[in-house]
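For reference, the structure I am asking about is given below.
Letters are used for the chains, namely A, B and C, taken in the order the chains are written, and counting of residues starts over at 1 for each.
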Amino acid sequence: MSPSLPSPAELIPALAHELKALLAQKQINAPQFIGIRTGGVWVAQALLAELGHSDEHLGTLDVSFYRDDFTQNGLHPQVQPSALPFDIEGQHLVLVDDVLMSGRTIRAALNELFDYGRPASVTLVTLIELDARELPIRADVSALRLSLPADQRVKLRGPQPLSLELRQLSAATA
Amino acid sequence: MFALSHTQTLQLNDQGQLRHYLSIDGLSRELLTELLDTADSFLEVGARSVKKVPLLRGMTVCNVFFENSTRTRTTFELAAKRLSADVINLDISTSSTSKGESLFDTLRNLEAMAADMFVMRHGDSGAAHFVAEHVCPNVAVINAGDGRHSHPTQGMLDMLTIRRHKGDFAGLSVAIVGDILHSRVARSDMLALRTLGCTDIRVIAPKSLLPVGIEQYGATVYHDMNAGLKDVDVVIMLRLQKERMQGGLLPSEGEFFRLYGLTQQRLALAKPDALVMHPGPINRGVEIESAVADGEHSVILNQVTYGIAVRMAVLAMTMSGQKTQRQLDQESEA
Amino acid sequence: MRMTLKGARVIDPASQRDENVSIHIQDGRILALGNAPTGFTAERLLDYSGLVIAPGLVDLACALREPGFGRKGNIASETLAAAAGGVTSLCCPPFTRPALDTPAVAELILDRAREAGHTKVFPLGALSKGLAGEQLAELVALRDAGCVAFTNGLTQFQHIRTLRRALEYAATFNLTVVFTSQDRDLAEGGLVHEGPAAAFLGLPGIPETAETVALARDLLLVEQTGVRAHFSQLTSARGVEMIAQAQARGLPVTADVALYQLILTDEALHSFSGLYHVQPPLRSSSDREALREAVRAGVIQAIASHHQPHEGDAKRAPFGATEAGISSAELLLPLALTLVQDGLLSLPQLLERLSLGPAQALKLSAGKLGIGEAADLVIFDPESCTVAGERWFSKGENCPFMGHSLPGAVRYTLVDGHISYQR
């Protein structure tokens, strides 16, 4: 809709660069990557490729069972199992999502992670951070900060190629 | 068919989501698949160190059992607790007089205590339908077995077992053996198998243990165990109740085992990788020999594990469907 | 009171009359049809153009629930309901509390019915004491108290030899016995017709043989004892065939069917609604077709409501815990008119099955429009319609036809020339 959004392919190298620097600064070697389904998984895959790592051990998280909007919206219809192919106890984790908006998804993801064990640290990486926080949750690293009108949403399309799309909410769902 | 439309309208909300779970009858292949997918996700939760998700936090599940069943009740209880719901267990004997009225009153009382879900087992076929339609339409009613009619969570846990071991249902041959006449498990399994695309459903039993009109389930009848087991992928053995001997349906447990008992020798007629299933509890030496029940083909204990995941999925989906319906109702009022 | 009803189409199956003719009534009896007798002056001249006048309907089985079951119904409420259905004479079964096995109960029922005045009531007496099927009731005393026939309903005699003796005793005094043939053992534990619907729903079945095995036995006993017998509430094609064969070999047996059996089948069970719980059960569509054909051919002479009103609680339960029966006496004529609408019967044929046929089956003096007969009439509008439940007089609302729009509407029901119901 809007031509002003950059392509994710352009954003990923910067994201990888910034993450690398942050991890170095925190002296974190070999962290485990976890993507939040589904957009976060795509971003994590792209990020790992950019960093020259395999995504063989990429963890995936489906936060449907941890969402705080079950009483309003019910169960997400296409729930998939979370899959963490490693023990998270004492590990440094990089949690990846596509868009950070209210912060509720990240809250749910953190809750779910802690049901698996106690990680040493969690670093949050998002492709886009919107100026719409409802919880005190911020990305450690993000490639793009945006302010959108209340009736607009940004959506990541993928997996090949990744693209960003602006959506106008209809009056009924706004 | 009238049957489909009635159970369907009762079980589904205006958006076609499950709001009660009474029978497999009338549920689409897509919905059953969604249920199995959701159960798969919950199966993963059961493998974690903290086997609990906060989905139904603050909600109350009432297990109302008019017939005793420790196993089914326990797995429902575990399922509800793994979803963080509060659980109340009520074992109500059927011997109480005027049971119909007490059923009505009991459930109205529980509803007044702000129960969100009823998991109900009752000796009368259609009891769960009755509660969902006439007593508490706004409480999610989950049928944990009604008379000979339906045991839809058992049906779907059997399907989850088959899918996890065999993948797709198309091309599978599934044999159900034993007391089909009195079995709500057999009825639920046949409906689920047919809906999920299984084209070779066999029932193996003497005429005295078969209901009239079994053809309506798309099943083929075998009276001979050896012929029926030939090259099947899955064998589902049913439990044989002792009282069947008294009604003249069978001469003896011994003769039944001789004709329809699952032995290693007979199992060899099935495919080499055939699964052996049983809803439990097992009568060793009556419908199945121990070597088979405990053997490499047996997935009887896996069924129990899958049962918890399926029940979690059913609780979560029906509760979700009720919530959505409530929102739709509010919107249409406004 | 002298009155003349004119302008209506008068249908009287007994005289095969079907014409537009005036009816002159004096002192509750039919004085003349056609021209008024000389010297007759009507105090009231009523124009019923566009309506049909027929003999008041005779319902062979209409439970009044009194004495003993006041929550379900009483004589006043249920006879008014029947009058609204076009009924002027009805037989009430003996399943009261206490059972109708003593003259005192018969007298009580007749007194209350007279008091209510909505229909004539002809009680059926219990064939055995307390309907227990062990010891004979005092049949002759009951006859003298007004019982027109005797039945044990679905309760089978403990010993067939006792039944045989009972039939011989009844035959001695030329009493009529009404059978509802269903073998207790074969029906044991069953709720509904044993067929695909029952299998699908997991409801325990009652096989067709529960009816036919009992029917075979009962017909042979009737033949042996020579008792005058009426078979009530047939449900199966095979059962109808056995009645037809018995009639063909000269056995003077008559039969009735519940009106709902001509309309509903076991397909209706798919809702699990206890409203469709009846005993003997609704059977398959091929059974229904055979019953309809038997009504058309006259093997079955009578259509009865088999009205069984219940309080709400009796049906507010899972199917197996509900009480059996449908409340539909007040829909008798409109519901039966669907058979004309379906092309099964002509209107005069239907009216015969609803009045003359049942009256003859139990030898009741009713169901005719002859000169000197009681002026028991139903006057209805064949072109109008009745919405079931719009008005409802029975205490039992257990009717699966509620809300249905049915053909025809009863305008007046006259008993002995008095209006017992009008709309």
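Throughout what follows, a residue touches a chain if its C-beta (ideal position, glycine included) is under 8 Å from a C-beta of that chain, and two chains touch if they have at least 3 such contacts.
Predicted model, so just to flag it, every value in this text is computed and none were measured.
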{"item": "Chain whose Cα mean lies nearest the overall Cα mean", "value": "B"}
{"item": "Farthest chain (mean CA position) relative to chain A", "value": "C"}
{"item": "More contacts between chains, B-C or A-B", "value": "B-C"}
{"item": "Approximate Å spacing (C-alpha centroids) for the pair chain A, chain C", "value": "75"}
{"item": "Whole-Å separation of chain centres (CA-atom averages), chain A against chain B", "value": "39"}
{"item": "Chain B-chain C separation of Cα centroids, rounded to whole Å", "value": "44"}
{"item": "Complex contact set, residues of chain A against chain B", "value": "62, 64-66, 70-75, 77-83, 111-112, 115-117"}
{"item": "Chain C-touching residues of chain B, taken from the complex the two chains share", "value": "1-3, 6-7, 25, 99-101, 103-104, 122-127, 129-130, 133-134, 146-150, 184, 187, 211-214, 216"}
{"item": "Chain B residues within the chain A interface of the complex", "value": "17, 34, 37-38, 40-45, 48-50, 52-56, 83, 316-317, 319-321, 323-324, 327"}
{"item": "Partner chain B, residues of chain C touching it in the complex", "value": "194-205, 267-268, 270-272, 274, 313, 316-322"}
